[in-house]
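A short worksheet on the structure shown next.
Think of it as A, B, C, D and E in the order they're written, each chain with its own count starting at 1.
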Amino acid sequence: MIVRPRPRLIELFFIVKGSIVLRIMPLLVFLAVLSAGIVSIYTFRPDWLPRFDGGPFALLGITLSIFLAFRNNACYERWWEARKIWGEFMLTARNLGRLSQILDKHAEGVSPDRRQLLELNIAYAHALLLQLRPGNQLPKIKSLLPESLVHTFIHSTNPPEVILRTMERILIDALRAGQIQPIQFNLLEELIQKLAQAQAACERIQNTPIPFGYTLLLHRTAYTFCFLMPFCFANTLGWATPFVTALAAYTLFGLDALGNELEEPFAPIANALPINALTDIIEIELREALGDEVLLALPLPKEFVLM
Amino acid sequence: MIVRPRPRLIELFFIVKGSIVLRIMPLLVFLAVLSAGIVSIYTFRPDWLPRFDGGPFALLGITLSIFLAFRNNACYERWWEARKIWGEFMLTARNLGRLSQILDKHAEGVSPDRRQLLELNIAYAHALLLQLRPGNQLPKIKSLLPESLVHTFIHSTNPPEVILRTMERILIDALRAGQIQPIQFNLLEELIQKLAQAQAACERIQNTPIPFGYTLLLHRTAYTFCFLMPFCFANTLGWATPFVTALAAYTLFGLDALGNELEEPFAPIANALPINALTDIIEIELREALGDEVLLALPLPKEFVLM
Amino acid sequence: MIVRPRPRLIELFFIVKGSIVLRIMPLLVFLAVLSAGIVSIYTFRPDWLPRFDGGPFALLGITLSIFLAFRNNACYERWWEARKIWGEFMLTARNLGRLSQILDKHAEGVSPDRRQLLELNIAYAHALLLQLRPGNQLPKIKSLLPESLVHTFIHSTNPPEVILRTMERILIDALRAGQIQPIQFNLLEELIQKLAQAQAACERIQNTPIPFGYTLLLHRTAYTFCFLMPFCFANTLGWATPFVTALAAYTLFGLDALGNELEEPFAPIANALPINALTDIIEIELREALGDEVLLALPLPKEFVLM
Amino acid sequence: MIVRPRPRLIELFFIVKGSIVLRIMPLLVFLAVLSAGIVSIYTFRPDWLPRFDGGPFALLGITLSIFLAFRNNACYERWWEARKIWGEFMLTARNLGRLSQILDKHAEGVSPDRRQLLELNIAYAHALLLQLRPGNQLPKIKSLLPESLVHTFIHSTNPPEVILRTMERILIDALRAGQIQPIQFNLLEELIQKLAQAQAACERIQNTPIPFGYTLLLHRTAYTFCFLMPFCFANTLGWATPFVTALAAYTLFGLDALGNELEEPFAPIANALPINALTDIIEIELREALGDEVLLALPLPKEFVLM
Amino acid sequence: MIVRPRPRLIELFFIVKGSIVLRIMPLLVFLAVLSAGIVSIYTFRPDWLPRFDGGPFALLGITLSIFLAFRNNACYERWWEARKIWGEFMLTARNLGRLSQILDKHAEGVSPDRRQLLELNIAYAHALLLQLRPGNQLPKIKSLLPESLVHTFIHSTNPPEVILRTMERILIDALRAGQIQPIQFNLLEELIQKLAQAQAACERIQNTPIPFGYTLLLHRTAYTFCFLMPFCFANTLGWATPFVTALAAYTLFGLDALGNELEEPFAPIANALPINALTDIIEIELREALGDEVLLALPLPKEFVLM
C-alpha cells in the first residue's frame, strides 16, 4: 500500500511510485509515434489514406468506458473486501487475546494454556501470510509451533488448519478439565471459527480471479480502440493527435492496469494490501496481551510503500 | 474457471479458450459481409439506398451499453455470490472437521461417530455437486452412505437433505448419550444448518435466472442495433465499416455472451466455477482431519481450465 | 417465472410470452404512424413544420437512460431480495423439519408435537402465500390448523402470526414438560423468528413500492421524449424514422415495463417469482421429513411459466 | 408514502400529488420565458447576442446526469434502508409479543409482567415516532408508561432509552425470580437490543444528511447549467427551445427535488415513509397478542397518501 | 458535518462554508485567464494557434466523468460506513449501559462494578476519538481510568485495547464471584467485542485510503483535461469559453475535492463526521444511565459545523 501525503499540483506529474505510467510507457510512446505517422500522411500525402469520421468511434469509446468502469469497480470491491477480511482477522486476534484471560487462574499470571493459544494464533497469522504472499515466514512459524506439530504442518495440504486444530484441542482439553465452562467454550470456539473464516475468504479472493473472459474481451477491445484512435481523430485534431491519443490511452490502460493490481490484493506489488505489516501488528499486540517484551518494531513504510 | 497467467500483448489476440469469440464468430462474419455489401452499394450504386446520419443511432448505442452493463453486473454478482457460498461451504466443512474433535473420547483416536459425521459431510458435498452439475457422483456417494440410507437417498425429492437428517440424528443421539453437552450440540447444529444453507443458496442461483424479459429485450435490441449499424455508419466510415461494425458487435455480443455464462455459475462451461475441484478439496481436507490416508490428488487445471 | 431454454436467433424475434412487447404495442404503432406523418410533412410540405437539430435532444436521451437504469436496478434488487427471502424461508422450513427430530422420543416414530409443529409450518407457508398472492389457499390452511384456531386465524389482522404463536406455544409446553432442554429451545425459537422474518420482509417489499415520484417523473419524461423523437430525427433519418423511433421506444418502454413487473415480485404475472411452486415444495419436503406419503406433485412450468 | 394504482397514460400528465412539479414550476416558467426571450433576440436582433455551439455544453450535461444519478442512488438507499429498519422494528415487536408468552404461567392468562412489557413496547414505538416525526404522541405515551416513569421520560436526553431500561429491569427481575431461565433471558435481551438498534439506525439516517458539499455543488452546477441551456440550444432548436429547456430542467430539477425528499425518509412529506401507520400497526398487533380488544383502526391512505 | 437548512436559490451561490470553492479558486481563475488568452489569440492572431475540434475531447470528458463518479462513490461509501460504525458504537454503549443493570444487586443503587464498567466505556470512547482525531482527550481519559492503568494506557501500542482488557477482567471477576451467570457473561462479552469491532473498523478506514494509483491517475487526467479544454472549446464557444471552462473545472475539481474530504471521514474538516459530538453524547447517555448528574452540554453546531 502506498502511503504518502496527497501530492501538490506540481508533484503530481512527477510521481512514479504507485503510478502505472512506467509499465504502460512503451505502449504510449508507440501510439504517439503511430499517431504522428498518420498525421504526417494525412498532411503530406493526403491521398494515401482514407479519412474517417470519429462519430461511430466515439460510441465505441463510451461503451468501453462503461465496461472498464464495471471491471474496475469489481476489482476495487475485491480489494476492499480483502482489507475488511484482514480487519476482521486482526479484531479476532485481539478478541482472543482479551477473552483468553478467562483461562488464567490467578488475576496476574498468564496460564500456559493461554500462552500456547496466543502463540499459536501468532503462528497462524504467519502461516496465512505464507499462503497468501510466500516469503521467509517458515522459521518464525516453526519457532512458535510445538515440536510435534512441525512435521504435520509442513506436510499438510492446508497448513494453517493444522494450527487451528491444535488450538481447538487446547480448548476442548480445558473444557474437559473444567477450566472453562461449556458456555464460555462456545465464545472461544466462535473466535477459532472466525480465524478459519479469514483464511477461507482470503483463499476465495486469491484463487478466483475476475472471469478470464472479461479480461480478455476488455483488453482486446481497449487495444484495438487505441490503435484505431489515431486514424479517426487525426482528421480533426491534426498535430494534437499524438498528444490526445497518448492521454486517452494513458487513462484507459492506466485504469485497466490499476484494475489488474487491485484484482490481486495479496500480490507483492506496491498497490496491494500491507498484509506483512498487519501480521506484524497482530504479533506485537498479542505479545503485549501476554505481557511479553515486544521485540518487533511497528512496521513503517519504506519509500512510501508499506507491504 | 480459466486459470492462466495474464497474457502478453501478442498472445492476447490468439487466445481462444475462455473467449467467446468462436461462439459469436458466424455473426461477426455475417455482419462484416453485410457491411461490405452496403458500402459497395453506397459506393457503386449511390442511389439504391438512402443515406442516414448516425447521430440518433449513437444514442441508442449508449442506451444499449448502459443496460448491457446493468445486466452484466447482475450476472457477475450472481457468479461471485455463488463463489462466496462455496467458500462458506468449504469453511463449514473445515469447522465441522475441527469442532467434531469434541466427539472423540480419547485425545488420539477418532470416534466412530465423528468418522461417520465427516464421511456424511463428504457425501453431502458430492450430493450437492450431483444436484448442481450432474456427473458420475453416485458411486462415490453410495460408498460413503450407510447401507440403509442409499435407497432413501435415491428416492428422495431432496437427496442432500436426507444426508443432513442423518447427521442431525447422530448429533441428537450423542446429546442423549451425554457424549456432548447441550450447549455444544448447538455449535454443531449451527454447522449443519450452514451446510443446508449452502444448498438452499445454490438452488436459488441455479433455479432463478435473470428475468427472461431482460434477456429477451436486450438480445432483441442488441441484434437489431448491430444489423442497423452498417446502414448508419457506412456513410461516414466508408470501407472501414466492416471492421468497425465487427469490432462493435464483438464488444456488445461478447459482453452479452459472457453475461450468459456467468449467469449459470454451476454449468459445465469454461467460465463457470470449479465446484468439482472444490468438492475434491473438501474431501481431501476432511480425510486429513480424520487422519486417513488421502488417496485423491489435489485437482489441477487441464488446458488452463479447472472444473 | 419464465423457464425456457435460451432462444436461438430466429426464435428470438417471435417469442411473445414473457415479453412486454404486446403491452406496449399500441404505443409503438402510434409512434411509428406519427413518425411517418412527420416525415411525410417534411418531405412533401417542407415549410409546414420547422426543422430541429437532434443534438440537445440526444443529451436528454442519455440522461433518461441513466435514470431508467437506476430505477431498473432498484426494481431488480427488490425482485432478487424477494427471491432471497423465499430461499431463506425454504431453508428455515428444512431446518425445522430436521432439527425437530429432537422432539421425537424414539428413534423411529414421529412424536405428535413434531407432527403438529411441521403441519403448522406447512399451514404458515400457505398463509403467507395467501397474503402475498391471494388464491384458493384457505381450505388447505383450514385442514392443517387445529379446529380451535381456525376462527382466530380468519379474524386476525395478521393471520400468519396466529400460526406462529401456536407453534411457539407448542415449544414452550415442550420446554416446560422437559421434552427439550432450555438451550435447545433457543435453537427452535430462532427458527420461529426466521419464519416471522420471511413474512416481515415480504410485507416490506409488497407494501412499499419504489417512491411514486420516480415512477411519475420517469414515465412523463419517457413519454414526452418518445413523442418528440420523430420531430428531431425525421430531419436526418428520413424514411427510417418510424423504424428507429419504434425501436428506441421499444427499448425505453420495454425496460420501463420490465421494471414495473419486477417491482412487484409477488404479483400474479409471468415475470414474478414462482412462490406458489415454492410453497408446494415446502409442503412436499416437510411431508417427506414426517415420513408421510407425499400426494402433491412437484410443480412444473405450464407453457414455460412457473407460478 | 403515496399509494395509488399505476396511472394510465392520460392520467399521467395530470397527477400533482406526489409529483414535485408544483414546487419547481416557477423555475420552469422562468426558464421558458428566458428561452423565449433569447430566441426572440436571435431571431429579430441576431447581432445582439453571440451564437454558441452546444457541443461542449452537452458534455457538461452528461457529467451532471452521472453525478445526479449518483446522489439519487445514495438518497434512495437511505430511504430503503430506513424502510428496512422499520420492517425489522415491526418484526421485533412481533417476536417479543410471541416469545413473551414464556412469561405467562398458565396457558391462558396474560401475566402482568408480559402485559407491562408489551405495553412498554407500544410506548417505545410511539416514543420513537415522537423523536422522528414529532406530533401529538405524548398523551398516548404517558397513558402507557407507569406513573413513576413519566417524569424521567420527559426530562431524559434520550426518552426511548428510558423505556427500554425499564423493560430490561422487568426481565432482570423475572430472571431473578426464576420466572424465566437464564438462557431464555438471553433471547428476550436480544429483542430489547434490536429495539434499541432500530432507534440508533433511525437516528443515524435522520441526523446525518448527504454531505452538504454535494448538495451545494450539484445545485450550483444544475442551476447554472439550466440558465445556460437556452443560450446554447436556441441556435439549433429555434422556437422549440423554451419547451425543450423546460423539459430538461423538469427532469434535472425533478430528480434533484426527489432526491431531497428521499434524503429525509421520516419528514412529514408525501414521499416519506408511513411511519405513523407502521406505529399504529405495531400497536394493533401487540394488543392482539395480549388478547385485548383492538380499538385502533388499521391505517388507510388519505387522498392516496399514507403517513 | 455541516448542519444547515437547505439554502434558497439566491443563497446557494454565496455559501462558502462546506463548499470547496475557495480551495480550488486559484485554479479556476488560472483556467479562466488561460481561456481568455487563447480566445484572444484565436480572435486577433488567428494564425498563431491551430484550431481543434472538440469531438474526441468530449469522449475523454465522458470517460473522466464515469471514473470520477466511481471514485466519488467509493469515497462516499467509506464515509457512510464510518457513520454506521459510530452508530453501532453508540448503540453498543447504550446496550452496555442498559444490560449492565444485571450487575446491580439492589434494584436502586448502582454497583461499583457497573460504575467502573461504564466509566471505562466512556474512557474508551474518548480513547478511540484520541486515536482518530487527536486532541485534548488525555486529561479526561486519565480522570476516568484507575490510577494503576494510566501508565499502561499511555505506553501501549494499542491504548483503547488496554481499557477493553480491563473491562473484560471486571466481567471475568464478576463471573467467578457468581455475580453474573455464565450465560449472561456471554451477553456482556459480546458487547465488549462490539466495542473492539468499532475500533478495528475505524482503523481500517483511517489507515487504508483509496489506492494511491487511482488518485494519481484521476488527478493527472483531470488536470490535463482542464488545461486542454480552452484549446478545444475556444473555437466554438468564443468569448464564453472562460466561463464554461471555469464551470466545467468547478464541477470536476469540486467533485474530486469532495471525494478527498469524504475519503477521510475522521479528519478535522468541515465535511467530516461529528465524532467529537458523538463521543460527548455517549458520555452524556452513560452518565444518565448511571444516574449521575450530567455536566456536559449536548453538542451544538458552531457556525453550521458540528465536529
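Keep this in mind: a residue touches a chain if its C-beta (ideal position, glycine included) is under 8 Å from a C-beta of that chain, and two chains touch if they have at least 3 such contacts.
These are the chains along with the protein names UniProt gives them: A, B, C, D, E = Bestrophin family ion channel.
Values in this document were obtained by computation on a predicted structure and should not be read as measured data.
Measuring from the averaged C-alpha position of chain C to that of chain E gives a distance of 39 Å.
Averaging C-alpha coordinates per chain places the centre of chain C 24 Å away from that of chain D.
Under the contact definition stated at the top, the residues of chain E that touch 2 or more other chains are 55, 58, 62, 66, 69, 182-183, 186. If the chains shown are joined wherever they touch, the resulting network closes on itself as one ring, and no chain has more or fewer than two partners.
Contact ring, oriented from chain A toward chain E: the chain order is A, E, D, C, B.
Chain E meets chain D in the complex at residues 1-2, 4, 6-7, 9, 12-13, 15, 18-20, 54-55, 58, 61-62, 65-66, 69, 72-73, 76, 79-80, 83-84, 87-88, 90-91, 94-95, 97-99, 101-102, 107, 181-184, 186-187, 229, 232-233, 236-240, 244, 247-248, 250-252, 254-255, 258, 261-262, 271, 273, 281, 284-285, 288-289, 294, 298. Remark: chain E residues 50, 52-53, 55-60, 62-64, 66-67, 69-70, 74, 156-158, 161, 164-165, 168-169, 172-173, 182-183, 185-186, 189, 192-193, 196-197, 200-201, 203-204, 208, 211-217, 219-221, 223-224, 228, 231, 260 touch chain A in the complex.
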